[in-house]
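As written, the chain order gives the labels A, B, C and D, with residue 1 at the start of each chain.
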Amino acid sequence: MAKVFDYAEVAKHNTAESCWVILYGAVYDVTDFTSEHPGGAKVILQLAGTDATEEYDPIHPPGTLEENLKPEQKLGTIDPDTLPSTEKSPVETGEMKDEGPVDLDSLLNLDDVEDVATKQISGKAWAYYYSAGDDLISKNFNNTVYKQILLRPRIFVDCTKCDTSTSFLGNQVNLPFYVSPAAMARLANPDGEWGIAQACAQYGAMQVISQNASMTPEQIVADAKPGQVFGWQLYVQTERAKSEAMLSRMKKLPNVKFICLTLDAPVPGKREHDERQKNVGANLPVRAAVSDDPSRSNTSEDAKTGPPKNLAGVGQSLFWGTAADLTWKSTLPWLAQHTDLPIVLKGVQTHEDAYLASLHAPHVKAIILSNHGGRALDTAPPAVHTLLEIRKYCPEVFDRIEVWVDGGIKRGTDVVKALCLGAKGVGIGRGALFGLGAGGKEGVARVLEILKAETETCMRLLGVERIDQLGMQHINTRVVERDIYDGPSRLEGQTFKAKL
Amino acid sequence: MAKVFDYAEVAKHNTAESCWVILYGAVYDVTDFTSEHPGGAKVILQLAGTDATEEYDPIHPPGTLEENLKPEQKLGTIDPDTLPSTEKSPVETGEMKDEGPVDLDSLLNLDDVEDVATKQISGKAWAYYYSAGDDLISKNFNNTVYKQILLRPRIFVDCTKCDTSTSFLGNQVNLPFYVSPAAMARLANPDGEWGIAQACAQYGAMQVISQNASMTPEQIVADAKPGQVFGWQLYVQTERAKSEAMLSRMKKLPNVKFICLTLDAPVPGKREHDERQKNVGANLPVRAAVSDDPSRSNTSEDAKTGPPKNLAGVGQSLFWGTAADLTWKSTLPWLAQHTDLPIVLKGVQTHEDAYLASLHAPHVKAIILSNHGGRALDTAPPAVHTLLEIRKYCPEVFDRIEVWVDGGIKRGTDVVKALCLGAKGVGIGRGALFGLGAGGKEGVARVLEILKAETETCMRLLGVERIDQLGMQHINTRVVERDIYDGPSRLEGQTFKAKL
Amino acid sequence: MAKVFDYAEVAKHNTAESCWVILYGAVYDVTDFTSEHPGGAKVILQLAGTDATEEYDPIHPPGTLEENLKPEQKLGTIDPDTLPSTEKSPVETGEMKDEGPVDLDSLLNLDDVEDVATKQISGKAWAYYYSAGDDLISKNFNNTVYKQILLRPRIFVDCTKCDTSTSFLGNQVNLPFYVSPAAMARLANPDGEWGIAQACAQYGAMQVISQNASMTPEQIVADAKPGQVFGWQLYVQTERAKSEAMLSRMKKLPNVKFICLTLDAPVPGKREHDERQKNVGANLPVRAAVSDDPSRSNTSEDAKTGPPKNLAGVGQSLFWGTAADLTWKSTLPWLAQHTDLPIVLKGVQTHEDAYLASLHAPHVKAIILSNHGGRALDTAPPAVHTLLEIRKYCPEVFDRIEVWVDGGIKRGTDVVKALCLGAKGVGIGRGALFGLGAGGKEGVARVLEILKAETETCMRLLGVERIDQLGMQHINTRVVERDIYDGPSRLEGQTFKAKL
Amino acid sequence: MAKVFDYAEVAKHNTAESCWVILYGAVYDVTDFTSEHPGGAKVILQLAGTDATEEYDPIHPPGTLEENLKPEQKLGTIDPDTLPSTEKSPVETGEMKDEGPVDLDSLLNLDDVEDVATKQISGKAWAYYYSAGDDLISKNFNNTVYKQILLRPRIFVDCTKCDTSTSFLGNQVNLPFYVSPAAMARLANPDGEWGIAQACAQYGAMQVISQNASMTPEQIVADAKPGQVFGWQLYVQTERAKSEAMLSRMKKLPNVKFICLTLDAPVPGKREHDERQKNVGANLPVRAAVSDDPSRSNTSEDAKTGPPKNLAGVGQSLFWGTAADLTWKSTLPWLAQHTDLPIVLKGVQTHEDAYLASLHAPHVKAIILSNHGGRALDTAPPAVHTLLEIRKYCPEVFDRIEVWVDGGIKRGTDVVKALCLGAKGVGIGRGALFGLGAGGKEGVARVLEILKAETETCMRLLGVERIDQLGMQHINTRVVERDIYDGPSRLEGQTFKAKL
């Protein structure tokens, strides 16, 4: 029978030498674990000797404790009557602010949703969602580049009907946009990634589950409708066995239709909004934790200046353990050994890589043109640029594989423009998270409802009934086209020439 | 003899089950009508059991009650002594603010006029006039694109004479700009559309009457001068008989010289400024109300999410009943059956549609390049773009039909630039409405006076005496030209090639 | 012997029927004159029965009374003891504000000078100087277009010597920039145009005297140094005899070396900053007053709407009487009959007119590329555009005549860029007036000193010793060149083709 | 034995006729020296009769007194007990503000560092560091032009290793960026240029020592590590012997590997932020002082207006004595006579000069494309432009000599973009000074740490392991390329043609 502790006794173990924490009413000795914690020892030590449940819960999926701690590290349970009643301040805990109930119908667009969510969620969550690389140039350009494209509405076309349905990798969906893999959803609302799945079910939308989700994949798809489509995002771990185990788990989830291998962030970008939150932000999921290979973080000659002192921000912590040594030659074959699901490569940012990916069809079935929401390398090109680059140099890519895009989508007109340029699917990341922040699963549904209505209005005013009718004749891209790369393009011995 | 009611009795009928309202001293039972009301039941129910005259009057033309209610629904009259004396607040009623008399001569330009009108008119009226699609990108670009064009003044030209007269469809007018069909003028000032007609009479300007005017066409043209030129705007109704009846009425109005078929808004754009006013804004004219075809509002596969819950804003309500199934093949022949007047197609936004329209000459006598003041599809091209697109691909259009433009005009130099680009006429919409808001019919006259003087100054400084002398040699459009569409152009089996 | 009046008696004559004013201690009956006053009767009537000297003096050059009034209209003198002692407020009189002495050395650039002058001078003077057409687009672009041009500094060039001297029409000057004809200098400072001449003498700079100067040409050149170079600006009057008389006067002023015929403003532009000052602003010089030809102000068909009600602002008033019927064929021969001085044509804004002007060499010796400081037609091109247009279409113009420019110059780098583009001279207008406002003739000298030093620094860093070494190799104009007109160019039967 | 003075006696000598000052406890009679002081007599006279140590110390390197004063001008020592105890206010002395200790780790980027330094350092120091020519157009464009370039990240590239090491002129360094010659470092922090050297030692970075350093070269390199690389910046003095003496001193400093001859500022630019500080700013180092050749400062014809009244700002004072008569023919041979070190030419801003420099290889081993941080000629091109210009006209330059750049670098992505364009080295000037201001030598180290980490992240995300792999395929420069000079290019009889 488990021993019962008084809070006063737990409170004594508040040092690196003896570090106990209370989680969900149980008492753990994590002294040996602190050095392995992907978020660094510091964040655990800040909570040493206290009840850490509030900080731990929203960013660790169930099973995390069991996977990372040995049974004997669970010492017993806490006597709840001994717990102090003093409340922590929101600043300390990073908890959600309560701004009262939100009238979701009064939110007319995704900016409205973001504004409300910004008031509702904790500063830590906001910083993690909002942040992007360096000066946010790519993040902002992701959106404004859509505004540089003009639409070409046609008249005297019967637009009584409008059908937004399409398919992704042969799977039928009702919307041409989907929810991108977005981590840490429970930071925004307890509904978490499950809530996103619920909203997607309501609208027939696809969802890609983040490897860094705050719920397990099993929880997320638990209440899926028949035919509801999911993908699962893979960050290959330095310890490949961890990734292989996850791929095995996917085999048991029939709604998961593909593996989305993320390639646009082999090392974390520099997200300063997130880093400035580091005191609270480093409470991060244990699951990504792996070996600490110093050769990765710093291999230049003056390596004596040492490894990074602190992992800064939620974003950087999530990368801990992610493999940086993926290659065309080694990774795809390894992946084929461990999953039969189609592969989607996320993070393509040049026509060269789009072309290379297309050579791996049909194993690779789709690519996602993405600069990671501007969160990886600042001044990386927006997906619109890469779409136009592919059209210019190697349009055959569109025939070989599906091309999806994400980043910067805020309006139905943005969705339609991406489709006109050749995208088959359009991913929404922050929009879904801010929807969750604004109103849980209903907030996500509101985001999908707004975008669906805007998409339909746009299609109707263009005189288009079905997604597959959209094309370059519906948009004027001249302002963007003159900025598209026209430098050298050499690949496997052959030189690409611009075909436009 | 009509029964006389006490206010107290009327006040009891304030539910959906029994809904009475007082209008112009009479008592009506509108219980059965609420569900048919184009503005939705909600706005009526908010006024159930009260005197709704103040809200009803400025947005419903005379005859609306008679057309929509059965005689037996008029229950009797109200005893005026029983009416409560408490005044409604301006916020509740959306009524005009009184900022004192305006010195119209002190308003030097159209921005001055808008500033004053914004202070004078109700928030609801302002939102309806000011609003445009999504992020107002097209609305703003409509204006700024004129600023991208430079003028080329010539010297040593005798400019003592300056003649701004021209003709539209053979009808002589004194000004190359006209008042566009603009709805709901009485929201701004009781002079309403009749006041606009009075100002146009004074300056010899043409006026196109909106189908959604807050006065009847007969009232508007009642005091027209001999030779005063009007057009009438047609939104084809799903119930074609309603439109046919209106076309019949036009036959009795000899000043109405053409039918302006509006095509740029088969479904309403998303006007958020307007929608945010919906609590007060949904009091809209009944006249546009028609059958509620659910297939129009939502025909995509997940239609289970249902029809729009609330009609939002004045703008969306006005569209209720507008047909979305117009086509080149079906609509023009139908129109020919019901009117002998020349047809003007409003809402052309591509060279392809301009070319198609020109093939329907002489039935179609003119087109209006318009993105509906930016109120339909955001990021649709400004008329200046479409003018340059036609010049580039199919300049023969200018020989076959008249090309008019609207959107974004704020200065005489804007008018002159449009004329240099090939426009025959230049429509002013918001300018006239804000003039009305600033000073009733005198305010509209001030707007025409300002634009006329600016147009003359511009012509003189260019060294031009008559409208027909203006041409491409008077403007430098290079900044705009590099942004003009140069994508695919296929039409009825033939491929257009850029001719410039 | 002149009769002596009491103020009380004068004060009775304060109506249109009997209108007396006191000027410089004398009493005048101006009842008959009010209707002829170029600034309108209203401004005189506002001062009827009072001492108007303070309002009259800074904007009327000596001799104005004598030229415009008959001897018998001078009734006598005022008894000074009867004058009221109450001071007028600055707002009423538009008089200069006293902000204390200015440390001119602390003003480092022309913006500093303008800032200080704006605080020193009256609102009326500021509005007249600052104002430009419509939305100030041309005024601002005049300056910013220089910022679009990059300089190309060379290294390893001996730059110990730097010589800014050059010549205009063969007259030696020490500076490549000159003071443009700028009206109403005494509004800024009692030193007026004479003060500008004094500063020019100090720096060896040329000055063009405005026809609308607030001092007579004779006063302005009174203390000129030997060899000091002036031009005189001519606005041809509808009553040609008035202009002929002025040309005769010029013959007696040997420092006046040329006639600068202004062509860029045959009718006044719309200067709203100036117009908003009209209550005080209409006190304008009588000298420009001429016949009131209603055909000029409004000749369009609806002329019934009548002539302009009020002359608005200083700017518009100055145009009263200016001829709008000048032509290449009639005006130059007439001018040749009345002066032997070389002719400089001011206001060329197209390559076509530059070319036409060059055909009139050697009678026409120079042109000034000018959009009147942005004060005539808004969105007219800056001189930089016209320079590049001439280089593109008809560079032979530079060989035939001198090309000067004005508008937007604020820095020595601006001066040098204009010279590199082919300008022989660079006019400074507002800069000199604001210098005057900041510190009288010393303020103008400070402006010349700043610009001279900046010009020298720029030349030295470019590795250039003499003005004639500057050329297109010293600047990068690509950002501007892509905006240069490339539309139709037809002239006297021949078609120009772009030569670049 | 030295005489001991009372403060009261010293205080009497406070005029131009007899001017004494106290420095480091000694009393000097500088009456004869004031007129020779490069900073002007005025700044000395302001301190006449007082203890000037606080003002003198941070901007004069050791040895200055000995070099400039004769032994007999040292009169004796001050009795410290007689010194007044009143503290000078920070405003008077321009001394550093104490904002408390800075958490350097919390500074995430160079803007953070600048913000903190701005609060820490004196207004005089800030103005000297921050200031640039005229309107700061080149200074700002130096940075924003990097933002116009997009990066092209590649996927599926093993990026576990990242090596930022490279070589300059054959000398191995660990970072591709170096510290530019930046003057007056002790204005920011007592660590001064020695502190910069310490930080460079820690990170294996190169440092170029400014001729106008506030410490002697010997002091700066005193604690250098073996193999630490320095260059020494030479402003050739009008009195060549002074420069020759300095070159001799360099022979004794083996860590100094090259002479960096600065050519981009033969005369000072106009730095207004600095000039507005002139009351305190003119306390400048004596070392640059030379003959006052009036022909240099003003050689134009109206030289009677005289030499500059006051030297304004730290920047202008530093130029006193700098030779303006350098030429390709005379200067390089003279330099060869006095040093065997390789020559680096700083300040190349055109492809013509880059080409000319390359003809002087191997004597000239590198050029630095620089507009002097925007401090010389405003609207001079950024180094990015010159890089693209060389690529366009004469790419062989890159084969003949090393091309370094400076100006505007704020991010690791900026560094990488410059390297992709062909730069071998990237100079950091203000960044190092602000680092010094924010935290002394640790602050400089933090700047290097930030830039190194950002550079590594960028390389990894581009899929690049070594510096020499970076190239044009990693960037999209189209937005910049269309602005690159394409005007005339003639050089020694041959005409360059654009090769791209």
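We adopt the following convention: a contact is a pair of C-beta atoms (placed from the backbone, for glycine too) under 8 Å apart; a residue touches a chain by one contact, two chains touch by 3 or more.
Per UniProt, the chains are A, B, C, D = L-lactate dehydrogenase (cytochrome).
Everything numeric in this text was worked out from a predicted model, so none of it was measured.
> Common contacts of chain C and chain D?
none
> Report same or different for the chain A and chain B interface, where same means the shared residue numbers exceed half of all residue numbers found there.
Here the answer is different, because the shared fraction of interface numbers falls below one half.
> In terms of CA centroid distance, which chain is the most far removed from chain C?
A
> If you fit chain B onto chain C using only Cα atoms, how far does it have to rotate, to the nearest 5°?
90
> Give, as an integer number of Å, the spacing between the C-alpha centres of chain D and chain A.
Going by mean C-alpha positions, chain A sits 45 Å from chain D.
> Whole-Å distance, chain B centre to chain D centre, using C-alpha means?
Going by mean C-alpha positions, chain B sits 64 Å from chain D.
> Give the residues of chain A that touch two or more other chains, as numbers and ranges in rising order.
Each of 482 in chain A touches at least two other chains.
> Based on which chains are in contact, what kind of graph results: line, ring, star, complete or other?
Contact map by chain: ring.
> Per the touch rule above, enumerate the chain pairs that touch, sorted by label.
So, checking each combination of chains, I get A-B, A-D, B-C, C-D as the touching pairs.
> Under the stated contact criterion, what part of chain C meets chain B in this complex?
The contact residues of chain C facing chain B are 134-135, 137, 263-270, 272, 275-276, 293, 295-296, 298-302, 305, 309-310, 324-328, 331, 345, 347-350, 352-353, 356, 371, 376-381, 385, 482-490.
> Give every residue of chain B touching chain C within the complex, in rising order.
Chain B reaches chain C through residues 105-106, 108-109, 147, 149-165, 174, 202-204, 411, 413, 449, 452-454, 456-458, 460-462, 471-473, 475-479, 482.
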